[in-house]
Structures are given as C-alpha cells and as structure tokens.
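Note that the chains take the letters A, B, C, D and E in the order they are written out, and that residue 1 is the start of every chain.
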Amino acid sequence: MNDALSPGGELLSLVGVGKSYGTVRALEDVSLTLRAGEISCVLGDNGAGKSTLIKIIAGLHQHDEGTYTVGGEEVRFDSPRQALDLGIATVYQDLAVVPLMPVWRNFFLGSERGMRRWGGLRLAADGMRATTREALARMGIDLHDVDRPIGTLSGGQRQCVAIARAVHFGAKVLILDEPTAALGVKQSGVVLKYVTAARDAGLGVVLITHNPHHAHLVGDHFTLLKRGRMAGSHPRAEIGLEQLTTEMAGGSDLAELSHELARPSVADPLEPPVSRETRETREERPQP
Amino acid sequence: MSASTTPDLLVQDRPAALRRLLARPELGSLIAAVAVFAVFAAAAEPFLRVSSLGTVLYAASTIGIMAVPVSLLMIGGEFDLSAGVLVTTAALTSSMVSYQFTAVTWVGVLVSLATTLAVGWFNGWMLGRTKLPSFIVTLGTFLMLTGANLGVTKAVSGTVSTKSIADMQGFETCRLLFASEVNIGGLTVKATVWWWLGLLAVGSWVLLRTRFGNWVFAVGGDASAARAVGVPVARTKTVLYLGVGFGAWVLGQHLLFSFDTVQSGEGVGNELIYIVAAVIGGCLITGGYGSVVGSALGALIFGMASKGIIYAQWNPDWFKFFLGAMLLLAALLNAYVKRRAERGPR
Amino acid sequence: AGCSSTGGRRAEEARAKAVAAGGSAVTTPRWKVAMVTHAGPGDAFWDSVRKGAEQAAAKDNITFLYSNDAQTQNQVQLVQAAIDQKVDGLLVTLAKGDAMADVLGKARAAGIPVITINSGQEFSAKFGALTHIGQDESAAGQAAGAELASRGRRNVLCVIHEQGNVGQEERCSGAQSKAGGSFQVLYVNGTDMPDARAAISAKLQADPSIDTVLTLSGPMAATGMQAVQDAHRGVELDTFDLGPQVVAGLKSGTVGFAVDQQPYLQGYEGVDLLWLYKSNLDMLGGGKPVATGPQILTKDNADALAEYVARGTR
Amino acid sequence: MNDALSPGGELLSLVGVGKSYGTVRALEDVSLTLRAGEISCVLGDNGAGKSTLIKIIAGLHQHDEGTYTVGGEEVRFDSPRQALDLGIATVYQDLAVVPLMPVWRNFFLGSERGMRRWGGLRLAADGMRATTREALARMGIDLHDVDRPIGTLSGGQRQCVAIARAVHFGAKVLILDEPTAALGVKQSGVVLKYVTAARDAGLGVVLITHNPHHAHLVGDHFTLLKRGRMAGSHPRAEIGLEQLTTEMAGGSDLAELSHELARPSVADPLEPPVSRETRETREERPQP
Amino acid sequence: MSASTTPDLLVQDRPAALRRLLARPELGSLIAAVAVFAVFAAAAEPFLRVSSLGTVLYAASTIGIMAVPVSLLMIGGEFDLSAGVLVTTAALTSSMVSYQFTAVTWVGVLVSLATTLAVGWFNGWMLGRTKLPSFIVTLGTFLMLTGANLGVTKAVSGTVSTKSIADMQGFETCRLLFASEVNIGGLTVKATVWWWLGLLAVGSWVLLRTRFGNWVFAVGGDASAARAVGVPVARTKTVLYLGVGFGAWVLGQHLLFSFDTVQSGEGVGNELIYIVAAVIGGCLITGGYGSVVGSALGALIFGMASKGIIYAQWNPDWFKFFLGAMLLLAALLNAYVKRRAERGPR
C-alpha cells in the first residue's frame, strides 16, 4: 500500500531506533522511511522526541538502538559533516547560528565557497554576500546589510536564514524542525512553497511542525510520536485534516477549544485540574 | 500602509559602509594606541627620537609575534597558558640539540619547530579528546613545560642555562634570519618586526578571507552550532594551537640567536601579556569576536606604555601602577569609541 | 588617645632623631646615570642597592634612573631604552651573561661608560665594562659552604626561591662544593610566603636527618625560621643576605650565620666610580673587579648591624 | 467607539514611540493602549518590530521617542526589574532562561521565595520545586525531575516553563511574545485558555502571534505593524478572521496558498522572482 | 498508544535521586582528591603522618580561603586577576596603618578591611559601568595594586617591606584570631583552616540556599536572561567582588600576623592558583556552573600535590612537571567521573 504512494527510491530509513539522554528515554523503537520526492511529516506533543529523531538523522546525536540506513547502507554518523556530505541538510529547532558572525558568513558556514583564482583558498566573499541577499529576498526578507551580526536579526529573520541555507545546500534530503514556528503568514507560505518545490525536484523532506494545517497541506506521510514511541504512521490518503488535528491534539481539537474559549466560564481557569489525560503526556520515564 | 516608499532608501549605502568601518573591532584600539602615543610624546622628550621608536617597535614585536596566534586562538574560543614558557622551550630545544649533537644550528632550529608544533598539537588533542576546559589543559602543559625546561636543561647542561652556541656552524645564517637588524634612516628595525608584520598579514588574511577563518569565528562564537553545520571543531582548534606553537618557535629562535644562551626559567608570565594584547586589541575573552590587527595594536599599546614610562622617567616604584592605569584607560577609550561607533552617526 | 599603642613610628622617630641630609658637594655638571637590574619588583636586596646608588647620586650631583626586569629580553630592552635616553653612565647587572653582549656593545658605541655590578664578573671585562663591583656568586656559595663545614652541619637543605635563577643556583652549588656532608635543594615560590613555609616544613618532615636550612635572601630567611619553628626540631637556619629578621635571628641565635655581599656598597660604589671616572678618569683597582663580599656575619656582628639594617642600608 | 470595548481602566499606553538599534530603525511612531481585562494582539511580518515593542514595554530596551505611561504615570525603565515591580510579566521570544540552571530555579529566578523561619533569607526550595512541577503539569508537561538543567528540555517544554512563570508572577499585565510558536496543539490550547483566564481575572494581556486563528480566537484589539510603523489598529468588532489573515499575510492568504500548493506547476519554484511586494517588506532603512 | 501505562513509573524516584547525587559538580573532584591522596600515601611514607597532614591542610587552607570567593565569582561569570596582590595589599595596609599612626593593630585591621572591600567594589563598579571584560578591568587593578603596594610602601616605610609590628598593642589578640594554631592529638591546626571551613560553609550555603546564590548562577549562566527576569546583574557581581575583597582581607591578616612583616612584592601569580583550585573543583571558566565545596577540594588537591611531591622526595628539578601532570590527571579523572555519572547507571 505504501508502495503506491512512493514516488521514488528509498533515501533513508530508520528501523527500531532508540535514544536515551542519561536516564531520560527520549526515543524508543521508532521507524521511519523517507523516499525521494516525498514529504514525511513527524508530528507529536512537546517533548515527544521529534527533535531527537531528526538530530539522529542529521548526525548530531547517535542512536543507541536500532539501525539507520542511508541509500541502503547502514550508517552511524560521528558528526553532522558526514550527513551533510551525503546530501542531508538540516534546519535545527534551536537554529545553529553563531550570533556574533555576520549573516552571510553564517549562511555559508561549513560550506564556504572559495575563489578559483586562489585555488579555492580565498573566500569569494562578494559572491557569497550576493547569494545570501538573494536567498533571503526570495523569502521576503530584504536585508541590505548582510554584514550585520546574525544575532541582531529578529527571531523570524534568523529562522529564514537557517531555512534558506538548508534549501540552498540540501542535495538529497531536507530536514526541517519546526521551520515555520517563528514565521509570519507570508513567510510560512514561502517556506511551504519551498518544501513542495524541493519535493518536486526529487528531494526527500522530513518536516516537523505543530501546525496541522501546514502539515496537511504538504505532507505525504505522517508519523505520530507520543512520549518517544510511535503512535501512528499514516500515508496522506488515510487521514484527513480533521483527524490529523485530533490526533495531534491528543483527543481534543481546536474547534472544541474555540467553543470553550467563547464561553469563558470555567470554575477556576487558572488552575485547571491535572487531568488523567495530561498525566499521560509525561515525557520522562526512567529506563527499566 | 503609508511607509511603502521611503525616498531615503537610496542613500542607505553610505551609512552602512561607514558603520561597517566604524564597527571594525580594531578601530577603538587604533584610537587608544594613538592616544597612548600622544601621552608619551608629550610627557617624554626621548620617546620621539628615532632610536627610541626602534626600541618600542622591538618591544612591541616580541609581544606581537605571539599575540597574532594567541588572538586567533582566543577568537576560536580558547586559552593558551603555556604560550609563554613554550617560547623558552623552543629556544632551549634548539640550543641543546645543536650543542649536544654538535650539529649545524639549523638542525636544532628544525627540531625545535617540531617540538613546539608537537606541544601545540598535544594541547589541541587533549582539548578535543577530554573536553576539559583549555584553561586546565594548557595550565597542565604550562606547569609541565616549566618543569621540563628546568629538568632537561639541568640534566643535559648541568646548569640552569644553556651553553653558548655562537661558534657553531649555521649560527650566523640563523642569526640573520631571526635576530638581525637593519638600519633604515637611523631607525633600527629588528628581524622580529618583519616576522611580526608577516605573521600579522598572514593571520589577518587567514582570519578574514579564508574558509578556515570563518571556522575560527564559528567555533569561538558557538561551537555546537558550528558543529551542527559541519565545521570540524576539534580540528580547527588544533590548528590554532599549532599556530601558537609556530609563533613560539619564531620568538624562541629570536631569543636564542640574539642572546646566544637561554635561561631555563624564563617566559613564565608572558602568556598573560599575549592575552592582554589580544584583549586590548578587541578580542572577546569568551571567543567569537576580535581581530588580528587589533592584537598588533594591543601589543603596540603595551610596548609603548611599558617603555614610555621609562622614557618619561616616572618614578620606577610606581611603574606597574602607571602601566595598569594606561592599559585601563586604553581599554576604556577603546570601549567608548566602539560604543559611539555602534550608536551610529546621529 | 585610645587607639595609641607602643612601638611604631613614634618610637622610630624617637630612636633616630635625624639623619643628616647631605646635599651635593661637587661642582660637576648634572650627569645622568641609569641602573638596569634583573631584579623582580619589591625585592629588599635590590632596594639596598638602589639606596646606595641614590645616596651617591645625591652627593655627586647626578640624576639617577632606575629600572628593572627579571626577564632577559626585557632587561636588554631596558638597557636599550637607557641608551636611547643618552645617559652619561650605565650600571648593569649581568645575571644573564651572554645576553647582554650586544646591547652593551651599543652602549660602548654610543660612548657611554659602563660599570657592571652584582653578578656576572666573568663577562664584565669581555663586554668592555670599566670594572665590576660585586660578589662572585660561586665564591659566596663556597664561603657559605666552608662555614657550614666548619660548623659541622651534615645535612643541608638549600632553598631556591626563584626556579631557574642562575645566581641562586650558583650559590647553592658553591655551598655544596665546600659543605662536605649531604646537600639537597628545594624550590619554593618566593612570592607566596605561606606556601614557601609549608613547603620547607614538608621537606623537614619528609627528611628528619636535615639539620640545616640555607636560604638565599633575607625575607626567605624569615620564612625559613617559621618553618623551622613548625618542625619542632633543632634545625639551624643560615642565610645569604641580611634583613631585620635575620639580624634579630643572629642576635637571638636562631640564625647561625649570614653571608653578606653589602648591596648598598654595590650601588654606592657603582655611581661613585662612574662619577670619578667621568670627572677625573679614575678607576679603582685599575679596572680589576671590586669584591663587596662575601662577608660572613654572626652573632658577634648582630648588635652593630641592627641599626643599619633597620635603616635599609645593610 | 473604543470606549465601548474597554472593559476596564487603562493599564499602560504608548504614544508615538520610536526606537533605533544603531542605524536600524526598528520602530517609528507606534501607539498602543492596554486596558484591564483586554487582550491586545500585535501582529506583523518578520522583522516588523513586534519584539522591539514588547521589549520596550517590559523595560528591556528604552524607547528613543514618544512617551510610555503605566497607570497614568510616564515611565522610562532602566531595567526589567522596574517593570516587574509594577506587575508587568513577560515571556520573551528568545525565552530568557539560563540553560545550565535547574528548571525550578529558572522558574523562580528574580522572584525567589524565602522561608519565613530564616527571615526570608533561605530559599523555600521544596515548595518552589512543588510549585514548578504543578504549574508545568497544568500545561500538560509532567516533569518529574525539576532539578534537570533547563537546557536539556525540548524547545516546547522550555517555552512552557517561561509561560508558566509569567502567568504565575504576572500581577497586572501579561506580555507574551509568540508564546505558542513552539507548542503543540494541546499545549497551545492550554496557553490560550490561560490567556483568556488572565483576561477574565482583570489582567491586561499583550499577545504576539503569527497564527491568525489563535489571534482571532482570543484578541480584543489588533495592532498591525509593518516595517516598524503602525499599519492598522482594529477592535475585534471591526475585523473578521478572513480579513485578519489577509492583513497578516500582506495581501495573499492561506486559502490561496493552499490552492497554489495543490498544483505544484510553478516554472522554477526554487527561484521565485523577487516580486515588488517582497521588496516592500524590506525591514531596514537608514535614518534620515 | 501502547505506552500509556508503564509499570516502572513508580521506581523512577531512586534513579533521579541517585543521578542528582552523581551529577553534583563536586563528585568528580572528590574522587580526584581521594586518588591524589592515595598516590602520595603510597609513594611517600611521611605523607601519612599527622604532622604532615597539618602542613598539607595549612597549604590547602591558604589557597582555599581565597578559592571560596573566587569560585563564587567564577560561577557568577567573572574573573579576578587582582585577587593575588590584593592579599598583599590587605597585609600592607593593616601593617602600615598600625605602624604609622602608632594605633592599636585592630585599627589597621579594620582599615585594611575597608580597603580590600573598596578595591572589590571598584572592580565591580568598573565592570558594571564600563561593560569591559573583567579580565581587563581586574588586570588593570592587578597592575595598579602591584605598583601601589611597592610605591606606597617605599614612600611610607622607606624600604620595600613593612616594619615589624610585633611589639604593638593588640598584636597578640589579632594573632590569636588570624595566625594561632591549636594542637588536636598531634595535628597542628592553623587558624587559617578554621577560617577556610567557615568561609566554605557560608559560601556554600549562600550559593545553594539563598536567593543571592540563585542570582549568582543566573548572572554567570546568562547575564542577559537574568537581567530580563529582573535579577540585578551589576549589583550581584559587585557583591561577589566584595566577597573576594573579604577573603583577601582574611588571608592578608594571616600573612601579617604570622610573619610580622610583609614584602610589598608578594602575591603576584597567586590569583591563577585560586582560579585553578576553582576550576579543578568543577567551576566552569565561562560561568554559570560549579560549586564552593568543589573549590575546597581543588585547593586540597593543589595542596596535596604540591606538598606531596616534596614528601615523596621526587627530583626537585622536575617539581613543576610533576605538579602539572598531577593536576592534569586529577582534572581528567574528574571529567571522566562526571561523564560516567551523567550517562547514568546502565
């Protein structure tokens, strides 16, 4: 059934992957397959392990259990460099920019462009500046002075730099951890356009988002995480926006919420009782 | 709604360029250096003589040669407390190898280079392997080198200083390279000044114009972010330590070939002076920001202040007091200029 | 007043009403003499040297410039700075031997007469100095060693408070060559007295057979006395150089002997000989080294010395 | 007309406020009034100056022009402490947590609770731990070990700590800069519930969000910023969800976007032309 | 879906508590201290004697008294390079004031306290006002104090050391407080040890149990975040510098009242030893993490290593080499233990 959906070959796959931080078990027995020309959405509550999952894919962390294969070969990255060299580009949730460095240096960091005249030694600074300016302009961020330290940009502007960078250098796989979180409506639209464009160009995309609208708009496959375990894996055909929202909200949905908010007559709303349901989302369990 | 077309959009080029100039980390130190110069030019008549200029330049160069790699290292976010004694190690190694094996001095010089690079590599390797703070790692190296300098010298020479190698083959050519001086219209320029300028140019170019320089800023600014985008953090830092080793080698050879013999106990404390030069020159102690040219200005400020007080014949008992006050004032002026520059031309 | 106390400055003033202030008694022009030493800052020994030099400079109508740095390259730069200032005479210590050759050559080329003081006697003539005033450190060490031997000290601990200092090494090895019995060296940090005290204590505890501690400076002798006290053993303390506590120790018997090289004399004679040379082309001893030590001081000298030591000129 | 909407007295007001960072003009002639029992939403593109605005309100930055009055008196805060002392609690976009410090110490940072027995000197650590745990549990984050360094929490969990803290210590005014950006559907719902509860309790709330659904759900008043200037100010009655979304997206809306995305047949989607419209969003102008 | 009820939820308390213990910053240094002790207990027979223990404790306490406030300052994210000479300043002030005004020694002691606090306040104030890095500010203070120590002493006493005040009123009581010793079953415990333990207890309590301690962690971990939630950053740092001033005062009085006279050139270089003790004890050089108890263990490690080498009668020429190697090994062991502890009981 999945085969019918897969528009291309398998780019990478995780099987039964697990990961602990000290005594915190962040991931357990998670599997995921990414095919070329596919957008795979990873959804889940806060602390569900989404970022951990993509950090493993990106080579920032190593998995403790299970196998991770890229292009059919099992891998175990020591550093994100290796993932980048295999064409896996990532936007991290906590951004991975160096605040004091100029925007353009951040944009090209780790993938600097040398000048041929100097045997690639000397940076092609002007070209890099221009590229940065263009890439940002395309996202609706018109930054004249790309020599500004990136730390002085607004949150959304920084996010745009990180996304533009990944899009620019992503060769086969694009991994986006909540890319649209800090973005305005227009910028979000641009990012979603990029994502679909990347898919159409044959890249595989792993997209993490808390916005069911966004997810449903572009996703081909949905993987649901709950407290570090897989709580569902659906191809697009199997699941509608409504159901997706319900699953993401863990039972309640936004419509119900708006209903509730319209009548603000809860007994003591600042102290909602700790329901059994919230209990269930405890994210931290010791290992057996 | 109303702000869709601002006519002044076209003139934005100039302020941006100006601001870029003003925001350069070395601007403040340049002005501070000029101020220190002005103070002593006014306070000390001999300070303005050409021969004094040579002395000040020489003093600055012996700090500056090390300040270049040390500032790069600090921009890369690390310390090197062993830099001071490593210079002595370089001189001792060179001298003892040549003497003991009765070899051409060039052999000693090369063995010395290998030694300082090895120490630099050891620092970088320890740092990467153990994840200990560089303060502790290089403190360990510092103490061990201090001990080894003395222990080896005593074991080999029987005293705490080396034997003279002035009569050995190759000494003269080595001296030419490391310790000669040229007279340019009354101004005596020592070889260290050329080395300093050379290192300065190379260091500054590497930092600002190469991929490696980009990595230096990145590992100092945020090592984990740098790692996440594929910068080889440990390797970058190791190379920076190798740079310090190279600088120590140059200065060590200068000491040896201009003074013939080397005292094994020297160099302790100089590591701080190199760091001071880098910091006065605008390097952040936490890394990620600074400039190589600034470190040169820092070395110049230090050299001018420490020799200027002598020329001005201020009470020698208060020497350190004046030195501290001058440095503090220079740093203050530097910070003030930088803040003014950042606030923009209003 | 309630806060008043005994001793202190008032006592000092009462003790010594005045020291006659002698103005200059010569008619020579105001010359400029610079002294560049390898001293660390705030060293009591070098303070005496300076005092002697200043006294002589005042008498001889000389402007006296002093600078010091313990590191070779810096001391060389300071000598160069003195040459830049076109001084009329130069007093230099030669602790670093060969390293000074170049810069003293420059001084000679600039026509500045040089007298070397304190250490480096063997280099003095070679570098073209008029004469050398000081004490040969090895000879001083040997004198101390001979005295130790004559006192029957069998296991001596020599405390070096500046690791890698040539002069201190020479004192110890000189003493070792003549002392006979067992001889050990201990390195301590001369700028951290509590640490030095603990280090000497530790060494005395580690080796109970040590019967003598030999320190190399006045202040270190005072610290050594504390450590000896801590050890609760009959260990004798001997020392090079003087200081108020050393004299007090000599008097009370806690210090066996002190080897003095009369630092005041080194400074005073240095300036005075330069003046004599410039004003009358005189040279004491025809340019042969002038020895200011070693002089062995014991309990017998203590009383006479006390006054001068308190004044800081011995 | 506004009066009809104001359920309470004026808590704070900004009139003609401006602010520059060096040569970057971040705010110009912006006015805003917050009344008790009112939720005022600030909307705008990335880099529009929203965060700058709330940083001025919170006392983290100072305004260069205009006046800022709290409770009728003109103020000029030297430090956020002064704003806090006036009952203004803030959630910053870049969070203001100290990564290496335990969660509970972060929660109470700046508002520590002392033990009466020790004259308030000694921290009531156990009580503080319990409070932190409860406050987080109410947001659906069940963190057993509140002694963990906050830096080891997931992005959304950290966000929840910051929000819970502001809610806990907010006395009169609650300022939230994109609080729901990193949050899951359920947590977002909880936050919105908090916001309305705070309003009902008589607090004034300034809410920044890029989500028009969220904004429309709870907002009483909407201020639109564009490149540092005010581009509109509407009471809830005057504006519908559709119009709000359109304004926020600067002309295009999500519906249109989804239309576009559904037919991925753009000529070269990875290089969308730099339209006149994106040009307009340039955020940086030198000062005259 | 399947993980809704995990039966082991109930036992999670224990690992968390254990981990909390294991994650304490001082655990690693404790084990390192034990290891250093074991090495010398095996290598040096006299090391285990009670009298030796007294000597080692004394050496550790003179470092530890300053390591307490210095570690607090480092957790607060700042350096103090003036800490070493400030001790000497404290002793000099006390001695000279008593002597020159022929006052009861207590007057000098109190004036000295005022002086060190003033210097600490100056450091903090400069830091807050100028936004310069503390490295530069306290380097300036360091040099100025070094100069002033010498300059003032010479101007006042005419020599480079102070006059003995042993015959002055109040000396004996002061000595009792700052420099006495008690014999407990053969173990000679100096007054500094009690001061050390006292400062340790107060410092640790303040850091872990008070609001101020919370602020210290915060300003060191992220000063701008701390400021944003209302922590008075500048004031917190100033108080930390006052703490260093207080420590320097205590140690300075000990110096004076146990040695009667003070050399004006002392103390230089000790600031680094205090920092080393703090860092070996687990303080991050970048601030925001560390412990006061750890600094005490660091001081103990330093004291044991530096004195243990003497007890073991290892070749004294190589003293510094051994010291460096011991410190490096201790730091390595510390880091290793910490990493093991964090990885959890698997």
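Basically, contacts are C-beta pairs under 8 Å (C-beta built on N, C-alpha and C of every residue); 3 or more make two chains touch, one makes a residue touch a chain.
Bear in mind the structure is a predicted one, so any value in this text is a computation, not a measurement.
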| item | value |
| --- | --- |
| Most contacted chain pair (by C-beta pair count) | A-D |
| Remotest chain, chain D as reference, centres from CA atoms | C |
| Averaged-CA centre spacing for the pair chain D and chain A, given as whole angstrom | 24 |
| Length of the line joining the C-alpha centres of chain B and chain E, rounded to whole Å | 30 |
| Centroid spacing, where centroids are CA-atom means, of chain C and chain D in whole angstrom | 72 |
| Between chain C and chain B, distance of the C-alpha-averaged centres to the nearest whole Å | 35 |
| Per-residue multi-chain contacts in chain D, two or more chains | 144-145, 282, 284 |
| In chain C, residues with contacts to at least two other chains | 41, 163 |
| Sites on chain E at which at least two other chains make contact | 12, 16, 146, 150, 154, 269, 284, 317, 319-320 |
| Sites on chain C touched by chain B in the complex | 41, 65-68, 71-74, 76-78, 80-86, 96-99, 101-102, 162-166, 169 |
| Residues of chain C touching chain E in the complex | 2-12, 40-44, 47, 163, 184-187, 189, 191-195, 198-199, 201-203, 205-207, 219, 222-223, 226, 230, 243-245, 310-312 |
| Chain E to chain D touching residues, read off their complex | 12, 16, 20, 209-211, 213-215, 217-218, 221-222, 224-232, 284, 288-289 |
| Chain D residues touching chain A - in the complex, by the definition given at the top | 21, 24, 44-48, 51, 93-94, 134, 137-138, 140-145, 148, 152-157, 159-160, 167, 178, 181-190, 192-194, 196-201, 210-213, 217-218, 245, 248-250, 252-254, 257-258, 260-261, 264, 266, 269-272, 274, 278-279, 281-284 |
| Chain B - residues contacting chain E, complex | 79, 126, 130-133, 135-137, 139-148, 150-151, 154-155, 269, 272, 275-276, 279-280, 284-286, 315, 317-325, 327-328, 331-332, 335 |
